[in-house]
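For reference, chains read A, B, C, D, E and F in written order, and residue numbers begin at 1 within each chain.
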Amino acid sequence: MATDPDPLQDFCVADLNGVPSVNGYPCKPPSSAGDEFLFSSRATKGGDPMSNLNGSNVTELDVTHWPGVNTLGVSMNRVDFIPGGTNPPHIHPRATEVGLVTRGELLVGIIGSLQSGNRYYSKVLKAGETFVIPRGLMHFQFNVGKEEASMVVSFNSQNPGIVFLPLTMFGSSPPIPTPVLAKALRVDAEVVDLIKSKFTGGY
Amino acid sequence: MATDPDPLQDFCVADLNGVPSVNGYPCKPPSSAGDEFLFSSRATKGGDPMSNLNGSNVTELDVTHWPGVNTLGVSMNRVDFIPGGTNPPHIHPRATEVGLVTRGELLVGIIGSLQSGNRYYSKVLKAGETFVIPRGLMHFQFNVGKEEASMVVSFNSQNPGIVFLPLTMFGSSPPIPTPVLAKALRVDAEVVDLIKSKFTGGY
Amino acid sequence: MATDPDPLQDFCVADLNGVPSVNGYPCKPPSSAGDEFLFSSRATKGGDPMSNLNGSNVTELDVTHWPGVNTLGVSMNRVDFIPGGTNPPHIHPRATEVGLVTRGELLVGIIGSLQSGNRYYSKVLKAGETFVIPRGLMHFQFNVGKEEASMVVSFNSQNPGIVFLPLTMFGSSPPIPTPVLAKALRVDAEVVDLIKSKFTGGY
Amino acid sequence: MATDPDPLQDFCVADLNGVPSVNGYPCKPPSSAGDEFLFSSRATKGGDPMSNLNGSNVTELDVTHWPGVNTLGVSMNRVDFIPGGTNPPHIHPRATEVGLVTRGELLVGIIGSLQSGNRYYSKVLKAGETFVIPRGLMHFQFNVGKEEASMVVSFNSQNPGIVFLPLTMFGSSPPIPTPVLAKALRVDAEVVDLIKSKFTGGY
Amino acid sequence: MATDPDPLQDFCVADLNGVPSVNGYPCKPPSSAGDEFLFSSRATKGGDPMSNLNGSNVTELDVTHWPGVNTLGVSMNRVDFIPGGTNPPHIHPRATEVGLVTRGELLVGIIGSLQSGNRYYSKVLKAGETFVIPRGLMHFQFNVGKEEASMVVSFNSQNPGIVFLPLTMFGSSPPIPTPVLAKALRVDAEVVDLIKSKFTGGY
Amino acid sequence: MATDPDPLQDFCVADLNGVPSVNGYPCKPPSSAGDEFLFSSRATKGGDPMSNLNGSNVTELDVTHWPGVNTLGVSMNRVDFIPGGTNPPHIHPRATEVGLVTRGELLVGIIGSLQSGNRYYSKVLKAGETFVIPRGLMHFQFNVGKEEASMVVSFNSQNPGIVFLPLTMFGSSPPIPTPVLAKALRVDAEVVDLIKSKFTGGY
């Protein structure tokens, strides 16, 4: 899946102080890129999954946190979950994702497009099990176990992007007009406003 | 935006009776493709926008309705709206879209990803005005006028796919478990079940 | 059809005052991009089709006229024709095109490559009808009706380019040597020079 | 320049007896592909440049003549010229070309698109000199020497296609209507018909 | 990095009994694809790293072992190592790789191209640490710890391929002539033949 | 094969004094690009093949030597060989290569990946014969004739990169630890150190 332009050099370590360019950050001169840009220790520790209402926390390994992946067409994330925590329904507009559960038990759900009959595919995965999310399809993870759970995922883009659907529908800035959502969800304005009230602070 | 493989021939008119292949339909032999496969009259008439609860109707010009676009990396749609009708919030997982309002007045809304601050961009467009939807971002149209409205859109993929978000979250088959959605939406199960009840019949 | 690199962000509104970069214009900072870059009213009015010898006028919606399409791999054009006006035989070197006739009657002609037997495909299209032009193939439109005609076309590149063939062969700067064209066209130098004389002023 | 999909295997030797597939020929089983499919002797001898009115002859090394390039995104041609012979103005819709003059003296001409001011770039090249033709731009070669000349060119597509412009404008099948060409060329119908009469037999 | 064609559908579960096509396996009909093709348990258990001379064992999750990744442009591997075991210097011709050490301590080495000065980048990584290998560059892993070690890697191609360099140079079938390797390595034929004798049985 | 992003303009002549950008050099303003950037005379003369231990010499026509190919996705090389000279086993990480022998007799060897059974394909080619090297596969040339030999090759990337395998394994900077190579090659440390000693000065 061709989600990024091809690189034109072996590496192009991002100069995060540079002005972001059209297709990624400019490259640091090799002499100042150091020896360790192809490696990262950032995923050894997860964020605090109790710090937000979702009960999950994403530790990103994209170009802003791992400058060595600049132009290489890949990036990673670690996500940690408390029991009952969720990585809410979302879509990556620019990448396919493969993931590995590294501890605990996660319900992984993926929903096909209209052309695939809105079919819901799901499975409870344990440590060592893997999943694949085709580009642009809605998916979520939910910790159905009694312990914390973690996963590490990879993308075939250095900047896959993320569209959290509840937040995008109910917590955009400025908000989508309530009549639009009421019509779309086929419910009264009160229901829409109730949900909107839950997302006034973002994630 | 590279959403389809490049063609390896001028045209490859889809043989819709053939077994669908990995990257599109097989090509008809030129001798049986006829003279008119590069043209279509299908968008001259819209579907009935009163035939469903959204108050809108999509007339598709993709490879299954216009075999001549097979392998060419493009497709089109015509959409018709009654006053108050909507093309509900949705995402095309495999294409960027450009659109032209051909009659009436449409509110077009587009919401950026988390990385773009979930910003909501919107405008009421009249006939002759155009819009662009970056690949994978959520968007909708809503007829805010007193007359019927129509638009014609183009995609840079022959099969962009569509993920209608209300239907995908609340009307998948089988359904996403209610506790997952309640957690994600931060509401009680009753609210989720209410919305789910509106989508039992699909679109 | 992969005619542009993929974007690495949701949008990258062109800073037309910036130095053009390798793969498009640099991005404006989001704070100065405004709220309306995804919309354009430029196609609501066509140019004057009587202002040139072709009897047609192109209103471009590419990145220089619609900075919001920068890096998104799409662009549009509106073309207006007087009766008997033509969009002369031309080729887009970097994009496939889909088009919609919005008023009047246009003869649309498309000629296959040598490998397709130089086959000429044509049809008179009326408002609402559509056509597709595979990347790099020669095509033209000609207003065969008694009224003005218009069309709106979309490309799967933000910069498809245009090679008008009469102008390119007979009006380049400096000119192609006459003996080269005489040999290629299999006619005397006088014929070539006659045609060249029609294009000394460009289009 | 991304003109072909990426291969998904080391090689996929074309089974020319197979039904052509969407993105190339099916692969022969390795056991019957033999040991020499990565090599070709076809370019050691040119065709007869006196066999046609152009005074040039193309020896193709594309997938139909060199099955080993199937899916690899490259192909080659050898072209031979008598003195005064020409490879008439043409366009490759699906590839950039690089070429090497292997004997003689060739005038190589390349014309930029409208966006590049229809600028004509040209040079007389001798054996060992090279040229590059950006995808989709019009170009020609003309033997300005007193001896035969030859060149070998490479494409970054396994099927670049060729649109010979005089033949395409004046010798398509069926022909483009004369009034269309007269308007486009700004000459009388007689001039168009004269040129058309030179191409009734194709190339 | 664009190493695979884009998909034209949500999923295309490989029918491994089908004839392999140009760009992947044909799709199973959705009705027979089942519910679990997006998930795999294959990486929960590693292969026996003592079963070969390298002291490492690769458990592949590519399309032949995980048909659900067909056309999605991604694949994975699990590799297990005994102490002192190595995944010998190798290159993936069609993908960039990102990896996660899941237990133990691995020396990961990556060598830049000539253009990058043949620079050797290396680090000993522990569980939770990650690395990235730009497409086509030579790299290896070596278990420098006292315990078994494991890693899980992801590729941005469904079929990245692998070129093990010692095996390719010294154990191809038929063998590369000894004088070629002696010249390339700048040693006597005896040294080449000695190394060749170690690879007569392949890996 | 999609090894470079597509161009967004006809040409973009490299400004080699500019700061190298993410996907190539910035473009010179057309007014200062001159008239000859699409042509090069650099390949008319080869380098001295006796100037190094390989007995071969590469004359590069990539973007740094031929600024006109910038962003066009192609580049070339001329290589000259003394009798017994070799272009040692190497890999281009970012391009497929097609080549033409222009004088002499060259043994061309190409070795498939593990998935292709490490099969060794080879042939002695004479002037006018051609070969193709799939992206990322190991290959070499060796002058088996009694005279000097030359070839001209083309790549489908403007910066294919080169990984010379003996140099990369035995002459990186800093060196790969000897125990790693001894394990990989299945020989004693002395053998590894002997070969290493031949590459202390690079190529």
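The rule is short, and it goes like this: contacts are C-beta pairs under 8 Å (C-beta built on N, C-alpha and C of every residue); 3 or more make two chains touch, one makes a residue touch a chain.
Keep in mind that this is a model prediction, so the values were computed, not measured.
For the self-contact between subunit B and subunit C, the two sides draw on mostly identical residue numbers; the shared fraction is above half. Looking for a copy of the D-F interface in B-C, A-B or C-D, one arrives at B-C, which has over half of the same contact pairs by residue number. Seen from the Cα centre of subunit B, the chain whose own Cα centre is farthest off is F.
If each chain is reduced to the centroid of its CA atoms, subunit A and subunit F end up 39 Å from each other. Mean C-alpha positions place subunit E and subunit F at a centre distance of 24 Å.
The distance from the centre of subunit B to the centre of subunit F, with each centre set as the mean of the Cα atoms, comes to 46 Å.
Annotation for subunit E: residues touching 2 or more other chains are 2-7, 9-10, 21-24, 93-94, 113, 115, 117, 119, 134-135, 137, 159, 161. In the complex of the two chains, the subunit A residues touching subunit B come out as 2-3, 53-55, 84, 86, 88-89, 91-94, 107, 109, 111, 113-115, 117-120, 134-138, 140, 142, 159, 161-177, 179-181, 183-187, 191, 194-195, 198-199, 202-203. By the touch rule above, subunit A contacts subunit E in their complex via residues 1-7, 9-11, 30, 35-45, 61, 66, 68-69, 72-76, 96-98, 100, 102, 108, 110, 112-113, 115-117, 121, 123, 125-135, 137, 152, 154, 156.
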